[in-house]
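Here chain A shows up in two complexes: once beside chain B, once beside chain C.
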Partner chain A sequence: MAVADFVKSAGESFRVGWKIESNWTDPVLFATYQVIRPLASLLIVAFIVIIGASVGASANSAFYSQYLAWLIVGNAFYAFVLQIMLGMAILVHVDRTRYEVLKNIYISPGTLHPYVIGRGLVSVVNGAVSVILTLLFSVAIFNGLLHMNIPLNLLGVNLLMLFPGVILGIISLLAIGYMLCAVNIVSNRMEFILGDSVSGIFFLLGGVIFPIALLPSYVQPISNVLPITFLLNTVRESFGLLPTGDYMTDLAYLALTTLVTLIVGIAVFRLAEQRAKKLGLFDRKSEY
Partner chain B sequence: MKRDLSIETKSLRRLFKGIPGKGDVVALDQVDLEVHDDEIFGLLGPNGAGKTTLIKILCTLLLPTEGQALIKGMDVVKRASQIRRIINLVSGGETPGYGILSVKENLWFFSQLYGLPRDFAKDRISKLVDQLELQDYLNTRMSKLSTGYKQRLNLARGFVNDPAVLFLDEPTLGLDVLSARHLRTLVKDWIRTGGKTVLLTTHYMAEADQMCDRVGIINRGKVLACDTPQRLKTKVTGGATWKIEITPSLSELESVKSIPGVIGLSTTDNIETGVTTLKLVLEEESIMSDLLSKIRENGSKVLNLGKSEPTLEDVYISLVGTGME
Partner chain C sequence: MMLPKATPREELLTNLRAAYARMWVRLRGSNREVTGLVAEIGLPILTIGAYVILYRAIGLPPTAGAAVIIGGAMIAFWTNVLWNMSSQWFWERESGNLEMYLVAPVSRMSVLLGMAMGGSVNTSIRALGIVLLGIFVFQVPFQLADPLSVGLVFVLTLVALYTMGMLFASIFMLYGREAWNTASLLQEPVYFLSGAYFPRIYAPVVPFALQAAGSLIPMTIGLDAIRRLAINGEGVAAVWPHILALIACTLILFPLARRALNYMESLGKKEGRLTLRWQ
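Coming up: the complex of A and B.
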């Protein structure tokens, strides 16, 4: 398939995906829905920290303020993980079983590739909306409402450091989303647990709510090969929240893990495609 | 490479894994088929005969276990990406797109999956909407359409890339008489534009008789016969086709079926009148006396008896041994 046709198909899949995911309600309710989950998750963890710190009579200490800023940024950008994993994990199931269009998309010249990428990009946009709103709400709540003076200067972010990390991170997450689609092509029992399971693992092991050094030593090697770990490192470095970090090293590791994830993602997807063609799974309906 | 053939299968075989301990299920068994350009070819067969499996292989959705399938001379396994540009599939009784999108948006989405240039796609969609009389529903969400209009949209989606080979898998399933007739007319008009081929599977004998240039009868994965409807009927008239109305229905149908010389038998019960119509294909008319005796032994009374003109259904009954119902 020519590149121009691929881009056109992906673009149209994005447009359709956006309509499907955003058109069900008015923009305000949609934005609320986009922010409520990450913000609720952040507030739960943040208030546990605040209450814990106040018991130790150090709620206003520089350490806890710094940690809260670290936590807010990690949680906010975790929205990309959540949106992409949940969105892409359910994609094949919905289009195969509910809309019954998967087989028609598969027999088009581009097969499923531009369609999966286009639909994945919808999750990226949803994630971006969540990230921005979560950051804004966090500053408003912690610094505006609670006067906590958390060192979170949204205008002082180094965008030249932020964007390369975020772009690479998104590519790696899309590659993982590709794998989730692949699993769902060959299985019709995992669509509702896959996205939550994978995003849950990343939440725990990716340095979202606590530093990886605090994890048991036997799981730290897993954290150190997850792209999300390096995505969050580069993001926090661009926010000036990781003074001991080495941005270039983290970016290099992110690029490396992204490349590996991309190769594995495409390979897994192709294997799933072959298996689906062998077993006739492109129009299989869930039997529940 | 045979240029005049749109679809060709050679010893095509497809197995599916069966229940453990019961062996594989043979969905297609040594299927040899040739469908030409400008032809509407019908595949008739009961549920599970292998019709949809064959279509899925030809549409590049499923790999064959053995043998070869070609579309315009291209192997469906080796040259799937080229084939996808020139084919499309319409399945009856299925959702034709995204419920939340309008008719226009659904058609536009699929036109772009085929990489149609914008102006060309707009023009194509506009023509299809006119032909399928969807103008009043252009901006209506697909989920709000009636079954008939959903199927019109489904057909429009199938035509959107102007395929050289169109697969119609029971396209009139669940449609009322008028919608089904409209759809059949459209397909026939479309094929007249030239250079097109339709492979149609259907349960409706009259539909196949009316639409198809040639018909293949498939059962248990094997193509039992393949010819024009007229020639198939002529072949059957070597025997005799009879229609007998009885009441009440036969208590032991098998006892009638097993009479030597009965090639095929189908029954239709009219619940309101309590009359059962038997359609029989007999080797020779002399069997009739044995048959009437057997009907009486079953406790049934003959209300009406007559010889009938062979139909495609008679062909089907004589080949498969039973009716489609």
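Coming up: the complex of A and C.
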């Protein structure tokens, strides 16, 4: 399939996905919905730290301010994980069982691949909106309303360091989302579990709300092969919340893990596609 | 020819049978798939684990870990209320069952009651699994001085919570894609407002407005009472206000749910939206 056709199909898929996800309400309410969930997640961890500081736990106030900034950035960018994992994990179920269009998409000349990519990009846009609004609200709430002087300068972010990390991270997350779609094509029992499971594992092992050094030593090797770990490291380095000396190493690891994830993602998807075709799973409808 | 009118006793029996039948479907449907059961116990442990490690990172005492385990278990009930109670009419309409419920000679409330009973039993099994697994994995201390009071508060919390679910089910009845989005929206904000992952919501450092907003959710009140009884080792005397508040929640929410259900059903009939799919 020519690249131009692939891009065109992915663009059309993006347009359909965007309409499905956003046109059930007006844009303001949609944006509100996009920000409330990640903001509430952020407030949970922020209040844990604030309560920790108030009961006079182990460290001084500078530690808590620094930690809160570290945590806000990690939590904000975790929105990409949530949006992509949850969006792509449910995609096959919705199109196959609810709207009953998966078989039509499969037999159309466009094939499933650009369709899945296009729909995944909708989750990326939703994630980006969540990240930006969460960061803005965090600064407004913690520094503006609560006067906590958290060292988080949104204007001082090094964009040249931020963008390569974020782009690679998104590619790796889309590749993982691709695998989730593949699993759902050949299964009809996992759609409500997969997205939460994978995002839950990343939340625990990816260094989202605490450094991975605090995990038990036998779990840390798993963290060290997850793209999310290096994505959050590069993002925090671009915000000046981690020493920038490790940036190139983290970016290299991120590129490597992304490449591996991409290869595995495509291979798994192709296998699932072949199996589904052989067993006639593209129009299987399941009800509970 | 007129059909003979059912006596109040016959009507009650029919409704109880409908509630039992709906409960049976829920129990059977949710427990036949082992992967689902394992995931529903194992998944919350991932999040709970992250928060327990965060507590340790900032130097909070181990009792904070116990609080988050109880919070994580109670969240299972909230998730069940949202996705299997509030959104249920939406799913039923999508799968074409709603019209069958509406033409059945039973009260819609008996169907909702069956869903609530089945859901609460199912989720209790999962919540117990979460607590036991949490205690085993994270080795956090509990101080259970008065198990009967814990049981009483727990039951009152569930009754109030599922009554709230009945009210939401009525409101969600006519939703299309909004049902999905609204249920998603009511997850994390309620986790935050209920203090499920904090050591305590009613702490001086938490702004009063947040505490007041959280108190509108029965889970917040019940969770605080259970933590006092099961972690701090306090007696029933410490949670009397909680018990009264939970009873008040149920007494207010139940008639509201009934009225809302009748109103939404009537509105749905007028607007022809009760059988509308793929909105």
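Rule of thumb we're sticking to: the second predicted complex is superposed on the first by the 282 of 288 C-alpha atoms of A that agree within 3 Å, B and C clash if a C-alpha of one lies under 4 Å from a C-alpha of the other, contacts with A are read in each partner's own complex, and residues count from 1 in each chain.
Definition applied: a residue touches a chain if its C-beta (ideal position, glycine included) is under 8 Å from a C-beta of that chain, and two chains touch if they have at least 3 such contacts.
This is a predicted model, so every value here is computed, not measured.
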Check: Looking at the overlay, does A:132 come into contact with chain B only (first), chain C only (second), both, or neither?
Finding: neither
Notebook entry, point to check: So, does A:256 touch the first partner chain B, the second partner chain C, both, or neither?
Noted result: neither
Next item on the list: Based on the superposed arrangement, let me know which partner A:67 touches: chain B (first), chain C (second), both, or neither?
Entry: second
Checklist line | First, second, both or neither for A:141, with chain B first and chain C second | finding: neither
Margin query: Once chain A of both complexes is superposed, is A:190 in touch with chain B (first), chain C (second), both, or neither?
Written below: second
Check: In the superposed model, does chain B or chain C contact more residues of chain A?
Finding: C
Next item on the list: Considering only the touch criterion stated at the top, classify A:200 as touching first (chain B), second (chain C), both, or neither.
Entry: second
Margin query: So in the superposed three-chain picture, is A:109 touching just chain B, just chain C, both, or none of them (first/second/both/neither)?
Written below: first
Notebook entry, point to check: Now for A:99: first (chain B), second (chain C), both, or neither, which partner does it touch?
Noted result: both
Margin query: A:36 in the overlay: touching chain B, chain C, both, or neither? Say first, second, both or neither.
Written below: second
Notebook entry, point to check: Just which bits of chain A does chain B share with chain C as contact spots?
Noted result: 20, 24, 98-99
Check: Which of the residues in chain A end up touching chain C in this complex?
Finding: 20, 24-25, 33, 36-38, 40-41, 43-45, 47-55, 57-59, 64, 67, 98-99, 189-190, 192-193, 196-197, 200-201, 203-204, 208-211, 214-215, 287-288
Item checked: Interface residues, chain B side, partner chain A - complex -> 16, 53, 56, 59-63, 81, 84-85, 87-89, 94-95, 97-101, 105, 108-110, 112-115, 157, 161
Notebook entry, point to check: So in the complex, which bits of chain C are touching chain A?
Noted result: 29, 33, 35-36, 39, 43, 46-47, 49-51, 53-60, 94-95, 176-178, 181, 184-185, 187-189, 191-192, 197-200, 203-206, 278-279
Check: Quick one: in the complex, what on chain A touches chain B?
Finding: 1-2, 4-5, 8-9, 11-13, 15-16, 19-20, 23-24, 98-101, 103-111, 114-115, 277-278, 280, 282-283
